[in-house]
Amino acid sequence: MMIYVIFGFVAIGMIFSFVRLLKGPSALDRVVSLDTMNVIITGTIVLLAMLFENVLYLDIAIVYGVLAFLETIIIAKYMEAKV
Amino acid sequence: MKRIVSILLVVVLGYFVYTSLYVDGFDMAVSDNRQTSISDAYITKSVTSENESVTYMESTDLENGSANIVTAIVTDYRSFDTLGEVTVLFLASIGVSMVLAGFTKKYQFKMKTNRILKTGARLVVGLALVLGVYMFTHGHLSPGGGFPGGSIIGASILMMYLSEENFRARMASFKWMESLAGTVYVLIGIIGLFVATYFLENFLPTGTVGALVSAGIIPIVYILIGLKVGSEVSGIIDQFLTEEVAS
Amino acid sequence: MIQIAGLILILIGLYGLITKRNIIKMIIALNVLEIGLNLFIVSVGYVQDGIAPILTEVNNSSGLIFVDPLPQALVLTAIVIGMGTTALSLAFARKIYATHQTFDLNEMGVEE
Amino acid sequence: MTITMIVVGLMALSLVTYVVSKMSKGLGSVLTILGPLVALLFFLLEGSGIASGSSIGILQFGATKLGWFFSVTMLIVYGCVAFFNPYWMKKLVHPSAYNMLYILSLAGTIGMFFAVDFIVLFIFLEIAVFASMFIIPFGKSRNAAVVYFAMSTFGSFAFLYAIFMMYGKFGSFDISFVLGQLATEPTTAIWVIILMGIAAFVKLGIFPFHIWLPMAHGNAPDTFSPILSGGLVKIGAFIAIMVVAIAPTYEVLKNSYEVMGLPILIYIVLIIAAISMVVGTLMAIKQDDAKKLIAYSSVANAGYIIVGIALNDQLSLSGAMMHIFAHAIASAAAFLSIGAVSYRTGTTKISELGGMIQKMPITYTVYLISIISMAGIPPMAGFISKWLLFQSLASHGLMFIGAAAFFGSVGSFLYVFRPLSGLFLGQLKPQHNHVKEAPIFMVVPMVILSGISLFFGVLPNGLLNFIGKIQVELGVEGITTVDTAIMGNNGLLDPTLVFINFGLGFVKAFIIFMSLSKSRKVGLMDTYTAAEFVYDPNVYHYAKSYYAPIERLYEKHPDIVALYKGLVQRVVDLGRLLQFIFFKTKPGTTALFIVLTIILVLWGEKIW
Amino acid sequence: MSIVGTILITLGALFFALGGLGLLRMPDVFNRIQAGTKATTLGAFSITLGVGFVNPSWFPKLILLIVLIAITNPIGSSALARAAYVRKEKVYAGTTGDFDADFAPEKEGEA
Amino acid sequence: MRKFISTFIVLWGVWLLISGFAINEVILGGVVAIILAIILNQYFGFEMSVLFPVQAIKFIFIYVPLFIYKLVVANIQVAVIVLNPKLPIKPGFVRVRTAIESDLGKLTLANSITLTPGTLSIDIRDDEILVHWIKVEEEKTGKISLDFEKILGGIFK
Amino acid sequence: MSQPILLIAIPLGLAFLSIILKKIKVPLLVLGLLFSSMLVFFIEKKSYIIGGFKPPFGINLVVDDYNLYFIIIVNVLFLVLVLANLSAVKPMATVLLVASAGLNGLLLTGDLFNLFVFIEIASIAAFILLTMDKQFLKVFHYIIIGTLASSLYLLGIVILYAQYGTLNMADMSGLIDGGSITPTIAYLLIFAGLAVEVKLLPFNGWVKGVLETASAFTGPLIGSLYAGVMLVVFGRVFGGVLNLSGTMVTSLTIIGVITLLAGEFMAFQSKHLRQVWLNSSIAQSGLAVILFLQGLHHVAVLVIVANIISKFVLYLVSGKIAAVIGHDKIADLKGIFMNKKALGIAFTITSLSLIGLPLFFGFFVKINILIALFQSSNMWIPALVLIAALIESAYVIRLLVTMWQVGEEGEKPETIEKPTFSLKVGFVTCAISIILGLMLLVSGVYPDLVINQSVKAGNVLSVNDEIQVFTMEGGLE
């Protein structure tokens, strides 16, 4: 039961972010929403690890976290350079 | 107009593909027959012998001692594919450096360093490097392996480039690593051919499934791949972050 | 479901390839297509109630129902190969940009 | 000596010739004389019963009288023409290659005439074609070779397709076996006949496949035009005989619709042959280049040959074969004489020449004899063959064809007279004052050929008797001769008698000419018009626009060449279009094509 | 123990939802970064911690993950905010202070 | 050398957190950490004093709880704003001075600012931090970082 | 140790090594290729297991009558090509080693997915090698389409995997022949993927840009060796593994026929030497594909062999000409062979073989194509094949006449000055061209060995006892 509530919240967060991704209006707004979504996804992977009782998902979450960070700063750098 | 036509075409194609895959008798959902096929033998590690069942941290001296079955396939059952895959990346890195041969000056973003980022990135780089090495040394036990591990190493190099204006990776040492890792991979294959019977044969004892030291040559191969991929990705990144110098 | 999503991504990629005249966008379209393809491949290995094909302390026996590991291995290879081609094509794109000062084929005076 | 040895020997000789020519052009060109002459010697010594020899792999030959006849004709032409080769060594761009290809084309023709299996026949046919094709651009035109080869290949491929249709039905390439079976498969047979007929037409230069002939013959090196016209086009006649006489064509066509008592297909062939005669004649009349003129005359003469073969009866077939021989010899000689003039003057254009009779009387005589033979005037061999053909036409009541043939004969007077008067008679041009008679080794073969024309015009029966035997071999009643006379349908022809009559008349005329010789020769530069000195007398050279009034009658004739050019242009356009569509693209377009193709194929799957 | 876990996880998920909402509602990019980053970071912490309570043996890895998030998320947000600042992105009408040349990140060659 | 050792310790620690503390892993992690530390030594600027354990304890037991507390408060604040239909905000850019000199210290401070009530660090320049504030209260500008500054000043220099 | 895996492993190992042993790159390359070219003569025909896992569980290499001769031809020609361009290969030594491994992998592998990997290796190597010609935009087209193609191929085999649970060719073939639902779409996707590589219309938009500017090095490599290998692969997949039937055969054959005809039409109007050969290559690919689809594998093999050798010489010579003259516009190449006759003769022999004249190998190819087509009761295809051959004959002869003769139309050559420039082409190139030309000549007079081998090769894909071929020795067998 609880799991539905949890995933319901996660889904709401995800959907709202996604709406922002679609709406923009500026490119940076979309990037911000991507960044937010990445955090949500990282959290979701952790949730899945618990759900599937598989510690290996945490490795994935860590790697995802690192890569998401990289993505964010690359885009930020790019945006910054492209005034 | 062109867009509408294109959309129409793609939709028609989609429709045809959909019907031939899911409607006209040929059913992509049929997955049961697969379990009786190749993969089944991979999972039970009974390609060369008949294993009833394999148990974590119990079964020993299997044909393939990797707890991660995907890794078993990638670096053992179909290790030849992986050698090819490594070669593709190798080629790509050579290709990038040849195409961008005139691009030698470091690319500078117009902005000065972000100090928050600069300091933060160092922390993350250290973490990421450990993570990368962890991944390719544990490929036979956990998800990941040489490719993601190597990519993370490459990613940390990228992070250094992004955060520090004066950073240049030492490409020469990366070249050495890349070259040696590749050569050793091939050599391991050939050793298999000569010492044992087949190319890329897993000629080391495979130990106990799930142990850190197990699975014969698999972790070795994955370490090689990790180093190779890491150095290649780094090389590619280095190439991309340089700009053309008028000669 | 994932299969259909994969197919749709492939189609979107195709659409992009057909309509885009900017070489970076073409590379992106190709990548979308490849992502769709990879999704499709992974989905082919899906098995009802299957678990990730890794033996752990919890899932400790090969007698359990695993998803098909082979497509995952194939996807790994496909991803890396795709990464290689993408890197190479981006390098080409940069080189082309250096010569033509644009990424757009129409602006390069390429004969239609 | 066996046929196999001769054929293989000639092929080997062609290589040897190349090597020798590389060391000494002269020695190589002598080999081109010796090769055909030695081969001819063997054929004559062994007679038509020459042994075929053991086979080498698929190379298997069978001795036939028909093959012997064609081979000997060919060897006479090749042997005589070869005497010119040494003189041309310096003029040719690739002399060694010329010598090699000369022998190779000969080997090709001989091999083809004796082949027992279609593939071997085809192999040698193609060898003859491509060997000769490479010689043509050594002359004046590069395009001629391409046109020749393309048309010839068109014919060859039609032939090849026919061969394989038969192979598909009967599972064999054996000529006599396969052709013997044809009657059992009438549908296939008709296709085979049509396709092989096209091949014959193309090789022989029958309308509308004649356009390559003036181009190739007219532009080939002067030493090779005689080979093309005298020798190689006769390959077409050989194929035609194969279609009509060896294949059971009349049996296959016996149920078909008939016109004038002949199967419609045969009648159509006759019509086409008649058109050839007319077109060839008309075009020949308007040529300024002597070589092109003879080439067009070959088109007309091919019409006669086809008529004879198509009717396939006692008189017509013997007439056709006689004509093959007579025309081969005569046109070779005619081309040689023009070649000799060209050797001395460097041109073959009638309007650039004139008065050559004064400088090259023997050459003139050779030319005269040849054109008399080609025009079918007694007492030359060409007369015999035409007489036989007219006899056959008359007996079939084919008046329309007969009329065409008659037109051709009359027209031939016009076209042979043009070079005669323009080139040999008329005023000598000042720049040709120093010209001498052709060298002796060029004169000898020309005289030999003329002698042959004359000899078989006077005493044809030795040859006709042999032709009769060939006819029997082909399953047609043989031509019959009585002493020196030939049996026709409505009477006897005694060529010897005719010759004596003509001879007497000629003597009379000569005496009159000599006794009444009061005319004064006027130099070309000694010309005034309206009391004004003509500074460019060439304009008023009477060989210029020789037949202008007649030509004006068909000035705006439809041009078949334009049709072909149009066809080629369509191929080019289509190629360009395709290239434009598929290659002037961006990656996106290619992707679009890929998607489209997949859709179409899948759609096809759904529909069927 | 797992009750604590569940509560933490639920709260975390709730923060995710709030973060999304903030992202959606906030009027300009700086405020969106504020709302989105903070809420989701806390959400991720909360969930990770909650999972740790459910599976105590996973704690080492989870701590690592938390540290990672704690370092990377604010840095990422800062980087994005800096980009927005440099680009002089549109700001909410009532924003005080401005794109201060004095504090604009230096251009190359200026420093 | 000090740089090297501190790098090595951090890397080894990270490894052990990921892999667990089995003997094999400890050994392998040690080897990996040594190699990586050698490689990274030249790039890694931070170093630790001999008092590292003390610093670490301070950091964990004083800084972290404060940080978590502030974080929770911050989020509740944001939640309140977001859930309020009127969206009561008064954003602005302000500058915050800091006395902390070490890069790592500044980073931690900036990160803390970002994750705490209503503020977002944009950039650091010398001794100033540029901050975006969601609800500007002029008089409190100086206090934004005060608590953290104190603690972090005790840990970093 | 006649292990075919060494044909892949040794070049790969050397390629990796050559990165650090920069100074001896070229010796390493030559050494590796020399080793391969010698090894090929000692390889036994059988299936070779990799990693100790018997197929279908592991990847295996297959050496059989179908690919053995191609392995020999390709490896030897590869070495020859490198020797002929030794001065140009230095920067590409590493990539060439990989390309050699890639081509061998394509020929050897018995696994569909492994084939995908080798397609990628070979294509990427090709992309990089083509940068030698500095046509980045055109190669980019090739990259995009090539990658799309391999993706389609991959999608196809994944669908087949979903259906049959195997990736091994022999295993797959057995299961398909065992009768099951035919996944049409998979076949079509695989076809589309390979069609790009074998240059079928309309999948071949990349070809022109890449090959019309190809050098004496990239031309033979891409236009001859790559093209040949890709066709061999096509035959392996469509002749040996998949079992096409019905409408699909017709549809795909139509594509082949269109390719054949369109290729010849385009070649006919081409004004540049290399453009002619690339269009001709397209046509020949169409022909080979038609034959494979019609199940006439043995003649398809003949077509491929003839095409590899003739295109090798033609691209080599054309590339050298373009390098010396600076362009390859046919109209400006009048009499170019007059001062380089040996090269001209080799070129001529090769061209004549290409258009199937007797005395040259191409003739027997043509005759056997017709025999095979008529034996399978085809009427239209041979007619179209002959039409294509007719067009081909016309442009090839036109080309040869131009290149041997000086002077304008209507001029007598003897009066024209011979060209004074000399076609400076190295001895090695001449020697190679002549040797290959002689091979075409010898096998044109005695083709039996090659033809009998091709029958054996065809029988590997699908056994057909009814095959009749025309050879010099035996006539019809």
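Order of writing sets the labels: A, B, C, D, E, F and G. Residues in every chain begin at 1.
Operating definition for what follows: a residue touches a chain if its C-beta (ideal position, glycine included) is under 8 Å from a C-beta of that chain, and two chains touch if they have at least 3 such contacts.
Given the structure is predicted, the values throughout are model-derived calculations rather than measurements.
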Touching chain F and also chain G, the following chains: B
Interface with more contacting C-beta pairs, comparing A-C to B-C: B-C
Most centrally placed chain - per-chain CA mean versus overall CA mean: G
Whole-Å separation of chain centres (CA-atom averages), chain C against chain D: 68
Distance between the centres, which are taken as Cα means, of chain F and chain E, whole angstrom: 14
Centroid spacing, where centroids are CA-atom means, of chain C and chain E in whole angstrom: 30
Mean-CA-position distance for chain D and chain B (Å): 74
Touching two or more other chains - residue numbers and ranges from chain A: 53, 55-56, 59, 62, 66, 69, 73, 77, 80, 83
For chain D, residues that touch 2 or more chains besides their own: 585-587, 591-592, 595-596, 598, 602, 605
Multi-chain contact residues (two or more partners), chain B: 6, 9-10, 13, 16-17, 20-21, 28, 31, 34, 38-39, 42, 78, 81, 84-85, 88, 91-92, 95, 99, 109-111, 114, 116-117, 120-121, 123-124, 127, 131, 142-143
Pairs of chains, among all present, that meet the touch criterion: A-B, A-C, A-E, B-C, B-D, B-E, B-F, B-G, C-D, C-G, D-G, E-F
Sites on chain D touched by chain C in the complex: 584-588, 591-592, 595
Parts of chain A lying in touch with chain E, wherever the complex brings them together: 2, 5-10, 12-17, 19-20, 26, 28-29, 31-33, 35-36, 39-40, 42-43, 46-47, 49-50, 53, 55, 58-59, 61-62, 65-66, 68-69, 72-73, 76-77, 79-80, 83
Residue ranges of chain B touching chain D (in the complex, touch as defined): 6, 9-10, 12-13, 16-17, 20
Footprint of chain B on chain E - complex, ascending: 64, 67-68, 71-72, 75, 78-79, 82, 86, 105-108, 110-111
Chain F - residues contacting chain B, complex: 7, 10-11, 14-15, 18-19, 22, 24-25, 28, 32-33, 36, 40, 43-46, 103-104, 106-107, 110-111, 121, 123-125
